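Letters are used for the chains, namely A, B, C and D, taken in the order the chains are written, and counting of residues starts over at 1 for each.
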Amino acid sequence: MSVKNFFRVHFYETDLMGVVHHSNYIRWFETGRVEFLRAVGISLNDMIEDKILFPITEIKAKYFQPAKFDDEIELETNALALTKVKMEFNYKIRRKNENEILVSGYSQNVFTSMETGKIIRLPDKYFLKLHNAVIEEME
Amino acid sequence: MSVKNFFRVHFYETDLMGVVHHSNYIRWFETGRVEFLRAVGISLNDMIEDKILFPITEIKAKYFQPAKFDDEIELETNALALTKVKMEFNYKIRRKNENEILVSGYSQNVFTSMETGKIIRLPDKYFLKLHNAVIEEME
Amino acid sequence: MSVKNFFRVHFYETDLMGVVHHSNYIRWFETGRVEFLRAVGISLNDMIEDKILFPITEIKAKYFQPAKFDDEIELETNALALTKVKMEFNYKIRRKNENEILVSGYSQNVFTSMETGKIIRLPDKYFLKLHNAVIEEME
Amino acid sequence: MSVKNFFRVHFYETDLMGVVHHSNYIRWFETGRVEFLRAVGISLNDMIEDKILFPITEIKAKYFQPAKFDDEIELETNALALTKVKMEFNYKIRRKNENEILVSGYSQNVFTSMETGKIIRLPDKYFLKLHNAVIEEME
């Protein structure tokens, strides 16, 4: 399953090399995760209300070409692994309607209890939505 | 009473005009408040542990000259008003050992209860530290 | 003339008070200016190509209520003054379809030459677009 | 060769999970590179004046424990590879005077011409400083 979101590059996301600062693509990946989860029916605000957090444990990014101020960006988010203990996503960033990948990336996160700070297994109310989305995909 | 803190301009704080993005000075003001409070013996982490928040209610900034990547910055923070219901600070940003003011600013914040979200009066354990700092100043 | 743009609050725009960090509204104001200028036919990338920069000289913001993660935001940008030497805008930030103003703001910017760093008068090719937009409004 | 720099976690670097947002460690890595290069006698501003840029081509980070607001951070930057075509660094982030690694990371960057945007070989005036620093180390 793959989810796309679209947005403009903001002026404040550029640096003095004249292009988007490399740290901002990592922030964009986050917007891709949020939209992926929204697409399968999961709101992170609901998880927060249930005292579940989802800290990032690993990030990778490869930078091929820079995005520039005011570019229209397409971010494609793919689920690699969605289990009760972690989520792994891949990301591809392109200019809208272009094939060339500007930046690709990967994230891994776990789930933790807001109260204990310890790693927990994702409750079924959330997990089944992820599971169904991926199963439907494979059928 | 006036407190100074010093830091370098980071690359990621610049934008494609080649200078510091104007929003970052607002972030720097925050570091000035934190150091001012530390100087009078107040730790914001203690306030947070006591379920007290300190949301900003007003910000002003005037920009005269830009700071540039790797500049050594001096931020001077002055208290304008420190009461049980609000804090007001003035800020002056210069390059270290230079007189010219690059950016000046102002912030106002109140105190709120983390639990109710409502405005509260600052408990004496914090207020007296602020008060003493200002009184000593005036004597 | 008033221009609106809409966006979601990103997770990375929040701070440990659980709401949007106050500096990010200043960044959002910038997106409002960009969309206002786009609406009157002006691309900041064209100006940059013409070696014209548009540094901010003054910012004000009043914070009434915080925006929260994943809120859908409406940013209303109004031109106060659009002359050959400066632009002044007012901003109102609300949740989409709500009347209450969360944050209001003001910005002033001038125009400078990328080559000399000095203040310049905005060339007619840009100024007339601004002027026409405002004149049409008044008729 | 290893270079350390020290700084406080800023309030604006936290997110609503109550800890530093994961993207900010990527920004901190940048401060480590800058200080490493300063330690061997290289100023990025000199490189920019010579029309040389240093875009990031790859980033990796592993997150073990979160840094928190006002923590005093020690960032250790090690050079993995310093050639005329690329630089590779490793990073270790700890609380000051603690052994536990909070976040580890890696960056790779190349050198490009500001004028053509193409990859270039680093001129000797910069390369020899890097080379000497690493050679001295190995003797």
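Convention: a residue touches a chain if its C-beta (ideal position, glycine included) is under 8 Å from a C-beta of that chain, and two chains touch if they have at least 3 such contacts.
Since the model is a prediction, treat every value here as computed from it, not as a measurement.
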- Counting C-beta pairs in contact, which comes out ahead: A-C or C-D? A-C
- Task: Name the chain whose C-alpha centroid is farthest from the C-alpha centroid of subunit D.
- Result: C
- Rounded to the nearest whole Å, what is the centre-to-centre distance of subunit B and subunit C, using the mean of the C-alpha atoms as each centre? 25
- Note on the structure: Separation of the C-alpha centres, subunit A versus subunit C, in whole Å, is 28
- For subunit C and subunit D, let me know how many angstrom lie between their CA-based centres, rounded off. 34
- Message: At least two partner chains per residue is the criterion; list those residues in subunit D.
- Response: 11-12, 16, 19, 23, 27, 30, 48, 69
- Item | Contacting residues of subunit B [partner subunit C, same complex] | 16-17, 19, 22-24, 26-27, 30, 48, 53, 55-63, 66
- Task: Write out the stretch or stretches of subunit C touching subunit A in their complex.
- Result: 7-8, 10-12, 27, 30-31, 34, 43-45, 48, 68-70
- Hey, which residues of subunit A end up touching subunit B in the complex? 11-12, 14-16, 18-19, 21, 23, 69
